[in-house]
Amino acid sequence: MLAVSAPAERPPEAEPSAASGIVVDGLTKQFGGIYAVRDVSLECRVGQIVGLIGPNGAGKTTLMNLISGTLTPTGGAVYLDGKVVSATSPAACAEAGIARTFQNIRLFKRLTVRQNVEVARITRRRLARGAEKAPSVDEILKLLGLDGIAEAKAGTLPYGHQRRVEIARAVALSPRVVLLDEPAAGMNEQESRALIGSVQLIRDRFGCGVIVIDHDLKFIMEVSEYLYVMHLGEVIVSGIPDEVRHDERVIEIYLGRKARK
Amino acid sequence: ADDIIIGYAAAITGLYAPYDSVDGAKCEIDRINEKGGVLGRKLRLEARDMKSDAIASAAAGQELIDLGATAILSPPSDDTSIPIAALAAPMGIPVLSVASTQVQFPAAQPENAYLVPYGDNLSAAAAAEYAIKLGYKNAVLMITRDIGSYGLALPEYFGDAFTHLGGKVLKKINFNTGLSDYSAQLAEIQAMDPKPDVIFGGFITPDGGVFPRQFKAAGLGSIVFMGTDGYDDAGILKIAGDSASAIKFITHGFPTPGSALEEFYADCTKRGYQIQNIFFGLAGEGVLIIKTAIEKAGSAEPAAVNAAIKEITDMKGITTDEITFKDRGGVPIKRMAIVEVKNGAFSLVDHILPQYVPAP
Amino acid sequence: MLELSNIVVQYGVVKAVRNVSLKVGKGEIVALLGPNGAGKSSLVSAAVGILPVAAGAINFDGTDITKKPAEAVVTMGLTLTPEGRRVFADLSVAENLRLGAAIRKDKAGIADDIDLYLKMFPILGERYRQTAKTLSGGEQQMLAIARSLMSRPKMLMLDEPSLGLAPRIVDRIFDLMVELRKTGLTMLVVEQNATEALRIADRGYILASGQLVYEGEAKMMAESEDLMEAYLGAGVH
Amino acid sequence: MEYFVQQVINALSVGSEYALLALGLAIVFSIIGLVNFAHGELITVGGYAIFFTASVFLPSPWLALPIAIAGAMVAAVVFEKVAFRYIRNASTNTGILTAFGVSIVVQNAFIIFVATRPKPVETPGWLSSMVEVGSYRLPVLQILETLVTAIAIGALLFVLKKTTVGMAMRAASKDFIAVRLMGIKANSVIQAAFVLSGFLAGLAAVFIISRRGAIDPFMGSVPVLKAFVACVLGGLTSLQGAVVGGMALGVFEVMLQAFLPQEVTAFRDAIVFTAVAVVLVVFPEGLLGRKVELGDKEA
Amino acid sequence: MSLFLRTSVNAALPILLLVLFGAIVLLFAEPFQVRIAYAFFMNLTIAVGLQVFMGNSGVVSFGHVSFMGIAAYAVALLTIPLSLKKTLIPDAPFGLPEIHLDVAPAVVAALLITTSIAWAFGFVLKRLGGAAAEILTLALLVVSYVVFNAWIDLTRGPRSLYGIPVASSLPWAVAASAVAIFVAKMFRDSEGGLQLRASSDNLLAARAMGVPVERLRHRAWVISAGLVGLGGMLHATYLGTIGPNSYYFTQTFLIMAMVILGGMRSVSGTIVGTALISAGSELARILENGPTILGQKLPTMFGLTGFFLGAVIVLCMTLRRDGILGDDEFEDILRNRRARKAQGAALAADQPAS
């Protein structure tokens, strides 16, 4: 079902330069008295898949909102390819090359799956970004295993399919960096395993960076090349998945003892 | 012989509904037919609801023309009546507005447009003359834009005549019809010094009653409210309650015992019609005018009837006994009634034809 | 406790659930598994009465509830924690919990229960006066679960309770379910996380394309690699 | 000075009337997301209820008050049962159109079965009398109106904030099904909301009719429009907003009427609406509506 | 397929049907029936015009009928013969008492005036959504009505403005509605149209996909105002007389009902809604007049049309809340049927083999 058949060759220029990708610098967001995000700095280069984990309420989604322009930061800044993008609007961020999915699914429910993807595609066409390597809508649908249901109204799909439509729509922007908020939620093991392939394929095919949040450990550990762990709004640990998995603090606050067995 | 068709594009629903009366026209036609009709032919009424809407009005008018109407009675507002008259003009079909007192209608279509009632300038002048006669010196004009020129031009005519006769207009105050609260206007008058003796406006029900009611409640019961035919509705008496005694107005006629209007009302009630207000009588009068013209012309051919209307002089009508269309540009000159409220009922003061009449 | 016989659920002409029968005995934990779009949510929604059944019968605690409206079913003691959290977005955490206990009259008991769940999910205590829509996804999920427990149901159906929860909290939820069973609560759990669900369940059902394709002991199911792989995509790497 | 005080009192009572109506609209809106343009017809029904009972038998005009209120409350429940029940959680537009439909049906029913023309209606005489307060003579009606509105608003806010029914009402607006999952008869909860809105409309009807002394099939249209504007002005989802919006609108209208030169008052409604528009451009959430930063968590 | 071509194909069917209907009326109907048909085509033009904004942006507009009024007054003020103008509006501003245009250039000028006003207003409107935007459009309606009524030097206020050359006829109305349908369908299917519809479905997601919501709303608003203005000119140049009351709430509600009843997100829905309400009113009107059926004279029952209109609206909305056609165009209805089958097959194929 998930198209494992799509071409998997890596773009030759995959070696990211320091300036290409997202750099988050000292980002802070306060809601009333609560620091949802506090002085967070992290990086996701183009071509890299970065994971973001942490307990519920750690501030992951908030961070994603800040990066995508959905919230304005109280302090700090977000840079895309060396330019500040924070404090602009979601549309401006999208135009700059930051695409995202939503934790609470936000599809255009009355439009078909194809039209959902088309909406993003139109923006890309307007910006004439990545024209040479941009896959067609059909290709994107196929990439995410949605080709059979392209004409169905997005609102009537089961949860798992809706998640994939969200991803398809985001990548249709041909973004520099795509942010995925719990893409594997509601998927079973097999599906989330297939999703790993899709995410990697997307990165390769579009040559973009990916920041992904998820609570599905198997999924996140396998898909991420680098992991940040947030707690109470701050990044407390970061490293490659294998290091993070065995970090005492991470086990204590997030994974739980059982995860070790 | 075939029936002679009289069309009536009536405001049966919508904004103007209270001011048209299909029943009144029907009753007069019954009466005429009972006496053998006109020129040996029966009259037949074809009524269509124009829903107080301009497009629907034109369609209704067209339908009546298609049906072969000899003459058409039309709704109370000029923007709904003019298109009918325009459509009827090529055939020379006369179009008579049953309730409109607004002189714009005949002015727009002088060949074939008429009012059944007097024009606003005439009634306002009559009111002014009576006000002066009662010794009023200071007036306030109430202006509204919600009911065509009746709310706007009528008070101006009054002001013109009132000052011409030596009175003084202190102030013009705007209001909207249909509201329940006029305390802002009230306070404005309360603050005036000197206070007006009379307030004149193009009042209709229920506002015409709401004003004196609220003025009385605020201790300004001594100010007189004057208006014209919009007041001629028995509902006003109850709406205004004890403050109704402050109301005086000029209208088309009054059913005094022995008058044609009283006889008409009594006869129609007997026939099972319900008389709602003066517009019942006016609709009957519209039919009567057409009948008179047909007889005069000796034919039911529209153009001939149209020409005959223009020649009517001193016709005995239903609401009044003097109606003249000759040389009046479609707006008849009519004797009017002065009415006031006594013991909780309308009572006739006098009939009047004013001396000074402002230009339309 | 709950018995579904030959249930059909339809959206327009599309049949989401076809002729499904299943049983949950008193005090049992039963897992309802199956891939995306299998019709799991449709089935439990129909059981509690928020979706109409096109055919079939539902019996709860000896009473036929096929045609009963959801509020009556809930009052009888069968509750659902719905898919997608559905917390009352404009109400505070406190008010959400209070509404969860709307059918109860015992003020003291309600207060005790609130304390209990705040202890279990401390973050909810910290967000007690905040409107629910500003909670994080996982916090909302905890609130939704706590809210449905507030009515002290006889039987609880949970639609993907682990969705969006941190692993540590997932453990806590499953532990909680084991605890609750000890108090006599009957449970039907819809899960994508088949391994975890079967670990605590007594029995399991597998739904695919709207039809029941397997039922059996949880332990047996968990051990059957074929089964896990074929329907649940779990167990093998 | 006296003029000014007089106009301030006028402004307060007109503002109260708008607030009362706006509150009725806001309750229904905040509970089922319906902009109930048929709210005005509740007033009309209240008025006709007096008219009918009076034409059959009404020993005392005192009875007019409960009859109007009861009439409006019953009408509100009926509207909900035959129409609004079926469009719950539908889009705003569906709601607006359905409400228009209901109001057209009611208006035309009165046209067909009663008359287009206004009908006189009697209310107790003392309602339109005056009392002396200090050196001022004030209309009983205006004082009562302001007072009753204040009390009604207070009581209502208490009900909505503190009782389970109130909470359920607020919850039902966003997720009707979830409310039912709490074992709450959401239908009754919504009906309760309509009963409340009917009560407020009935109250307003009493005041309107005492002032006006007459009823007609269209008497509800202007008030409901004002109420709608007031609601949005204050912030549609907040009940306090409705009150503030109503007050603001009423006061502004009266003050314009009172202090603008005559030539300009012809444009009064245009000025009022322009001002409202300007306020909304500056505060799109209304005067009381706070813009909370929700990120991706907004509805 | 290019957008223009696609629109041509999709719009052909409804337009042909309407033209056919117009031709039949013109050839066989009574003159008054022609007038009723004219009203239908005029309202259709206006309703489709309104649909362009409401249907795509999802924002309810109470204000479009003002564009009808603005265009009607503009064309009237430009075409009324000078001699008549001297008596009707001698003090009109902008040198109007001296200006006279033929109908064709006046229509162009009126269209320009209408769209310019819409364009200017659009700058304020586009930034708001939801109830605030609705009130803004309501304000537009009230303000323009008050201006028509109170700017007496320009419009004669509440008195009607007459003497407009009666230049329009049924074929013109048919043509105007065909243009409106074509434009509306083309906008709906255009890239901007799709993005705007997406934004009405989920605003935040649309913004996150880089949809320039404000700009698109503005565009829809202006196009829509232009089409409604066309309808206003049909009104003025057919009746020859206009007054402010034609451009207020009654007309607003009527048009809104036409748009929403059929399904406001689709142009086809608007056509269906307009047809249904027009046919229904006509039927009710015939019943109202007490027709003779099977030799039995029925009593006259005025007020029925209004009652009927309301009842149909309530009934339709309670049965089909998204309107009769929902979101679909005629062409979608067929395609969807096919798609549903395909979807069923795909989902079935999705399950792992047992």
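For clarity, chains are labelled A, B, C, D and E in written order, and residue numbers in each chain start from 1.
Everything below uses one rule, namely that a residue touches a chain if its C-beta (ideal position, glycine included) is under 8 Å from a C-beta of that chain, and two chains touch if they have at least 3 such contacts.
In this text, all values refer to a predicted model and were calculated from it rather than measured experimentally.
Listing every chain that touches chain A and chain B alike gives D, E. Counting C-beta pairs in contact, the pair that comes out ahead of the other among B-E and D-E is D-E.
Computed from the mean C-alpha positions, the centre of chain A lies at a distance of 29 Å from the centre of chain C.
Centroids of chain C and chain E (each the mean of its C-alpha atoms) stand 49 Å apart. Each chain gets one centre point, the mean of its Cα atoms, and the points for chain C and chain D are 42 Å apart. The distance from the centre of chain B to the centre of chain D, each centre being the mean of the chain's C-alpha atoms, comes to 36 Å. Those residues of chain C in touch with two or more other chains are numbered 35-37, 134, 233.
The residues of chain D that reach two or more other chains are 108, 111, 266, 268-269, 296-298, listed in rising order. Chain E has residues 149-150, 204, 302-303, 306, 340, 347, 350 in contact with two or more other chains. Within the complex, the chain C residues that touch chain A are 11, 35-37, 41, 83-84, 123, 127, 134-139, 141-142, 160, 163-171, 192-195, 229, 232-235. Of all residues in chain D, only 293, 295-297 touch chain A in the complex they form.
Contact residues of chain D toward chain B in the complex are 2-3, 6-7, 10, 13-14, 17, 108, 111, 115-120, 122, 125, 128-130, 137, 139, 141-142, 207-209, 211-214, 216, 218-219, 222-223, 253-254, 257-258, 262, 265-266, 268-269. Remark: chain B residues 13, 17-18, 143, 145, 171-174, 176, 178-181, 183-188, 190-191, 205-206, 209-210, 213-214, 217-219, 233, 235, 237-241, 276-277 touch chain D in the complex.
Within the complex formed with chain E, the chain A residues making contact are 1, 68, 70, 89-91, 93-95, 99-100, 102, 106-112, 115-116, 118-120, 122-127, 148-149, 151-152, 169-170, 173.
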